[in-house]
Amino acid sequence: MSKIAAAAVATNVRETEIREFHLPEIGEDEGILKVEIVGVCGTDVDYYRKEQSPRILGHHIVGDIERIGEKAAKKWGLAPGDRVVMEEYIPCGQCKHCRTGVLRACEETDPRKNGIRYGATPLDIAPSLYGGFAQYVYLHPNAVLHKISKDVDLVEASFALPLSNGFEWMCIEGNVGPNQVVLIQGPGQQGLACALAAKYAGAEVIVTGRNTSMKRLELAKKLGVDHIINISEENLVERVKEITKGSMVDVVLDVTSGGAGPVTSSLDVANKGATIILGAYKYQKIAEWDIDEVIKKTLTIKGVRGHSYHSVEMAIECISSGKFPIKIMNSHNYPLAKTDAALKTAGGEGEPFPLLVTVSPWL
Amino acid sequence: MSKIAAAAVATNVRETEIREFHLPEIGEDEGILKVEIVGVCGTDVDYYRKEQSPRILGHHIVGDIERIGEKAAKKWGLAPGDRVVMEEYIPCGQCKHCRTGVLRACEETDPRKNGIRYGATPLDIAPSLYGGFAQYVYLHPNAVLHKISKDVDLVEASFALPLSNGFEWMCIEGNVGPNQVVLIQGPGQQGLACALAAKYAGAEVIVTGRNTSMKRLELAKKLGVDHIINISEENLVERVKEITKGSMVDVVLDVTSGGAGPVTSSLDVANKGATIILGAYKYQKIAEWDIDEVIKKTLTIKGVRGHSYHSVEMAIECISSGKFPIKIMNSHNYPLAKTDAALKTAGGEGEPFPLLVTVSPWL
Amino acid sequence: MSKIAAAAVATNVRETEIREFHLPEIGEDEGILKVEIVGVCGTDVDYYRKEQSPRILGHHIVGDIERIGEKAAKKWGLAPGDRVVMEEYIPCGQCKHCRTGVLRACEETDPRKNGIRYGATPLDIAPSLYGGFAQYVYLHPNAVLHKISKDVDLVEASFALPLSNGFEWMCIEGNVGPNQVVLIQGPGQQGLACALAAKYAGAEVIVTGRNTSMKRLELAKKLGVDHIINISEENLVERVKEITKGSMVDVVLDVTSGGAGPVTSSLDVANKGATIILGAYKYQKIAEWDIDEVIKKTLTIKGVRGHSYHSVEMAIECISSGKFPIKIMNSHNYPLAKTDAALKTAGGEGEPFPLLVTVSPWL
Amino acid sequence: MSKIAAAAVATNVRETEIREFHLPEIGEDEGILKVEIVGVCGTDVDYYRKEQSPRILGHHIVGDIERIGEKAAKKWGLAPGDRVVMEEYIPCGQCKHCRTGVLRACEETDPRKNGIRYGATPLDIAPSLYGGFAQYVYLHPNAVLHKISKDVDLVEASFALPLSNGFEWMCIEGNVGPNQVVLIQGPGQQGLACALAAKYAGAEVIVTGRNTSMKRLELAKKLGVDHIINISEENLVERVKEITKGSMVDVVLDVTSGGAGPVTSSLDVANKGATIILGAYKYQKIAEWDIDEVIKKTLTIKGVRGHSYHSVEMAIECISSGKFPIKIMNSHNYPLAKTDAALKTAGGEGEPFPLLVTVSPWL
C-alpha cells in the first residue's frame, strides 16, 4: 500500500509546489481516497491568485476508496475500490441547516467562518490532505460521497459538481421543464452545465456569448443546445424574439463574468412571469436597476449558490445516461506536476481556449 | 323598479360631476348590480388626477343583484337580491391567460391595451355604467362575481379586493405561513391588507412606517399586528434583529410610495433564503442595486400585481370569519354626492388621516 | 367552398353511418374547421358500444381553419388556413373551475351533466357537427384551440391529446423529472403517451405488459423507453429491484384495463415516498387494500383525469421537437367511410394489434 | 451536582419499576438533560404492552441542560440551564436521508432496524438513559434539540412533538391554509394537535368523534375548533354538507384507532381535488376500496409519519404564541413513581378520560 501522497500545494500568490505527505492513520469513521481525476473550478483560480496560508486546492474530485473505516463503510455504503464523486462540503450534520438538508449553508464548512471544505483548507488543519490536486485525499467523517459506476468516463465524472449546480439552479430553483425556453448568458463551464441540465429536463435552450467565446458557443451546439447567439454581432432581443416567435424566455440565467450588462438585459428577454437566476457575483453594484419592470412583468429573481445532495445525484445520473458528449468539453488535461499550468490555463493566463480543465494526479 | 342611476363621472383632471343614466336593457347573460358601498383605491386617485376621457371610477364594489339574465343567473349561481363582491377585471375567458387561470393578464381587460375593466372604462363604451361611484353598475357577461353573506358588515366587505391582493402576495406568491416572520413596509390600505393576510395564515408580522404614519401604525396594532417600527425614530435593522432574536425576516414586502429606500433596506433585514415581494411601482430606477447580496443570501425577489379568483375567495372567507376588526380601518365614508371629496381625501388632499375611504351611493 | 360535410354518425350500438350535413352559417365568434385527421380514443369506443342518441364521435382532432368569425380570429389568434389541435372540452370560461384554469372540471362541458364536448354531443344540439369523424367540425365560441405547425406530421399531431394527458399526469401531477424512475403499467396508447412525457422530462422509464402486449412493449423500446417487463414471464418486483439496483420506483402509473392487480402491485414496487398515479377506472372495488403500507412507505396516491391547457402546449412542443418517432405508433389508418372499422379495431374487435388508430376524413 | 438519576424502567409486559442510574461522564460532543416534564405517547403504551428487553420509555421530553460538552454547546447553540424540547430521533447526519433533511427515515434511528431513539432503546445500550420517564436523559452527539423559552408553560411545551406531527401532516404534507375546510377524524391527542395546526394556519376545522369521546369533542371546541360532529348521533355526510354549504371538505385526516370505516368515509366527505391524510395504522386491510372514486374526484391520498426539524420549530412557535389554551388538554399528571399509572391511564386502562397525560420526574 502506498504510504506517500504527492500533492500540489498552493504556497503563495500564483504559485504551487509539489510536496509529499504521509497518509494518515484512519479511524473507524474515516477513509482515504485515491484521486483519479480532478476538475479545475473558478474558485480554485480565485484561491490561486489570493494571498493565503498554504493549502492543497482542487475540489471537483473523482477517486476510488483506498482505505475505509468500518463505521464509515457502513454509513456511506462503500467498500475499498468503489469509485465516488465527492462534494466539497464537510457539513456538521447537526446544525439547523444540516437538519433541513441545506448542507451548503452549514457554518462548519464555510471557509469565511473558519469552516473546512475540500480544496480550501489550510495545511495546518490535520491531516492536510483536503485538496484534490493530490494523489490521495483524506475522507473526513463528515465527507459527502456519491458512488458512481466505473463504466463512466473519468473526465465526464469530473464534471459532476458543475453539473450539479446546473441541476440545482435550473431544475430545483428554476423549475425548468418541458415547453420552457431557457436562455443562458455565459458559455463557460458553469453556463454549459446549466444548459445541459435544462436540456436533460426537456427545455429548449439558447446560449449567448461574444466573439471571444465563439469556440465555446460552437461546442454548445455540439453538446445539443438548440440555439446560440453571438451578442457581439447579433441583437439579443431581436434574435430571442425571432427564435421564440415573440413569446420570449421563461428562465434567464446570468453566469457571465464581468459587468452588470447581462443582468440588465435579462429583463428585456424575459416574458411575463419569467424567472431570472443570478449565479455569478458582479463585484459591483448595478446602476439604474428597473424595479418597476420587475413588477410590470411579475418577474421572479433568484440568487443561487452551490448544490444539494439531490442535485449531485441528478448530475451523476445524467452523466451516466451518456446522453451528452460531455467529454468534448475537456479542453486541457494535465499531470499533477503541471497543476500550476492547469490553474493558469483555467484562469485564462495559460494555454488558449480553456473550458473543462482537468488534472490527473497519477500521470 | 328604479330606472335611473346617479353616478359620479370623472370629467376632467381632479373633477367629478354627478350625472344620471338610464339603466340598460339586459340580455340573458348580463345583469345590473345595485351598489351598496365602494372603496376608494389608489388607482382611482391616479385616474382622478389624469387627463382622460370621461368615465365612472370606483372598482372595490359591493352590491346586490338587481336584475339578472337567465343564463347569467345559471353561470354565476346567483339570484336577484344576492350580495356580491366584484372583481375589477372583465376577462375574455378564452385566451391563453384565462385558460390558465391568470385572469388579470387577459388583454381584453387591460386598459393599456384598450381593454375594459370596472372603474376604468370610458363612458362611450356602452352602457357606460362600468364604475362603482354610482347607484348601479352594469354586469358584463364576463364580470367576475363572488357571493358574500349579507351578515358581513358592508365596510368590511368593501375591503375584499385590497385583502385579496394581500392573500395573493403573501400566501400564494410568498408562501407565508406558521413560523415565519413577515415585515411589511408601508402601513397604507395595501400594506395592512397584506399584514392581515399574513396574520391569518399564521405568521408573525412587523409593520414599519414613519412619524407621519403613526396613526396607521397604531391601528395596525389594534388590528392584531405583532410589532410596529417607526423608522423615523428607530433603527430598522437593529429593531428587527431584536424582535427576531437575530434570525431576521423570512418575507419582506415593499408597498411604500415614494423613493427606492425600502427596496434597498429589504436586503438588510432579509435572512438567508428570504423572499422579497415588490408591490409598489417606484417610477424611478434603483441606483446602486446590490445584486451580489441577492446571491450571497440566496434571496428570491418577486414583482407582484393584482389578485386571482382564489385569493378573492380567501379574502371573503377571512372577512366573514370576523377574526379582525377590519371596520376600524374605515377612516372616512362619503355619500355619492361627495365622491369628489372622497377622492381628494384618499389622495391625501382632503380630510386628514385617510386609510380606508368609502362611498355609499345611496346616502 | 364546400357546403356539405360528410360525417360518420354513431346511430346505434356498434353502428355508424355516413350522413351529410350543411355547414352552418357562423357568427363573429365562431368558426368551421376542416378536419385533416382524427385519432380514435378509448372513450370513442365506449360511446360506440353504448345505447345513446345519435352523435358524431371523435375528439382527437387536427384540422385547418376553414372559416372564422372576426372576433373568434382575434381571441384565438388564428386565421383561415392555420392548423390547430382541438381540445375536446367546450368550457364556459366563467365558472369557478374555468376562473381557476381547471377547464376540464367545468360542468358546461361535462356530458354527465348534459354539458357539451367534442365527440360526445348529440346531433340535436345545433349545428350537430361536434365530432371529429367528419369532414368539418363546428368551432363553438368556447372551443379550445392550439396552433400547430404544418411541418408536423399529421399522425403525430393527432397524438397531442393522449400525450397531453401524459404530461399532465407525469409532469404536472407526478412531478416527474431527472433522476427519477417511472414505472408504467399498461402499454396502450395512454401508457405510451405517459412514457414519452416522462422520458421527455428526463426520467428513466420502465413499461410493463403481458404476453399479449409484446408488440406494444417492443414498440415502447423503439420509442425510447429504457426497460420493458413482460409480467407474464418475469417477476415484476424482482426485475424492478434489479433494474433500480434495489432503490425501486419513484412514480408508478396504472393505466391497465381489467382487474385491480396492478393497483395492488404498485405498492410493492414503490420506494419510500413514492407517488402512485391512478389513471384507469377499474369498475370494481379493490379487495384487501393495504392502507398500512401506504403509511409505512409514506406514499402519495393520486387519481387523475384529462389535461389542462398547459399540458396540451407541452405535448405539442414535444411532438414538434421530433424527439420521438411517434409515427410508428400509428397501427391503422382508415378513410371516413370506414370509421366503423376504425372503432372496431381500436376496441380490439377488428384488425389485430391496434395502438394508435386514426381516421382521415378526406381519404 | 446530582450523581444519581431515578428512572422508571419498563421491565416486562405492563410493568415498570423505579431504578437508579449513575450519570455517565460525558465527552465534548455530548450532554445530560434534566427532565422537567414528559408527555405519554401512544407509542409508549404500545411498548409498555409488548414483550421486550428492559428500557426507559418516554420521548415527549422537555428539560434543562444539566451538563454539556464544549463541542456540543457550540453545535447546538446551547448552554447549561437552557430549556429544550427533544426530538425522539437520533439520526446519523450522514446518510442519504439525513443529507436531504428527512431525519425520521434514517436507519440509525429506526428501532425496527436496531437503530436507537429516545424512549425506545434497551438499557444495555450505554449509558441506558435514553428515556424520558427519568430524572435525567443522556444527550447523544446526534440528539436533535430545540430551544424553548422558560416562559412557556411546561405542560404546553410537552405537547411540542404531537403538535409538530400536526404541522407536518396538515401544513407541510396537506398544504392546509386560509379558505380551506379540514375534517379531523379522531379527537385524541394527535387529532387535536392536527386541529390546532390547521387552525393556526388559517383553516376552518371540523373534528369528529363518537359518544364515547364527547368530552374530547367539547374540549376541541374550547381549543378553538370551528365545528364538532358526533358521528354516533349525527350523519357525517349530511352535517358536512350543511357546514360547508355543499362544497364539502378540502383535507380529511384519519387518526382514529380501530377499524377502517373512517378511511372509507373520507371518500364521501372529500370534495373534488381534496387531499386525504392517513396518519393511523389500521392493522387490517381495507375491504371494498373504491379506487374509481379516487379517480372520479381526482383525490390525493397521503400516508404520513412523524415530523421534520422544521415542523418542530413550527410547533414551538405556535405554543409560544399562546394562541391556544393547550394546557386544558392535560387530563392527568403523575410523579415519576407513578409512571406505571400514567401508562395505564394513557392506554385507557387507568383513570377515566385521558387525553394529554404527563409525568413530572421531580415530583
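Note that the chains take the letters A, B, C and D in the order they are written out, and that residue 1 is the start of every chain.
FYI, a residue touches a chain if its C-beta (ideal position, glycine included) is under 8 Å from a C-beta of that chain, and two chains touch if they have at least 3 such contacts.
Source: prediction; values computed, not measured.
Across the assembly, the mean Cα position most removed from that of chain B is the one of A. Of the two chain pairs examined here, A-D and A-B, the one linked by more C-beta pairs in contact is A-B.
With centres defined as mean CA coordinates, chain D is found 42 Å away from chain A.
Computed centre separation for the pair chain A/chain B is 45 angstrom, with centres defined by C-alpha atoms. Contact with two or more other chains is made by residues 102, 310 of chain B. Residues 75-76, 92-96, 98-103, 108, 141-142, 144, 308-310 of chain D are the ones that touch chain A when the two sit in their complex. Partner chain A is touched in their complex by these residues of chain B: 102, 105, 260, 263, 272-273, 278-283, 285-305.
Residues 167, 171, 177-179, 197, 200-202, 204, 310, 313-314, 317-318, 321 of chain A are the ones touching chain C in the complex.
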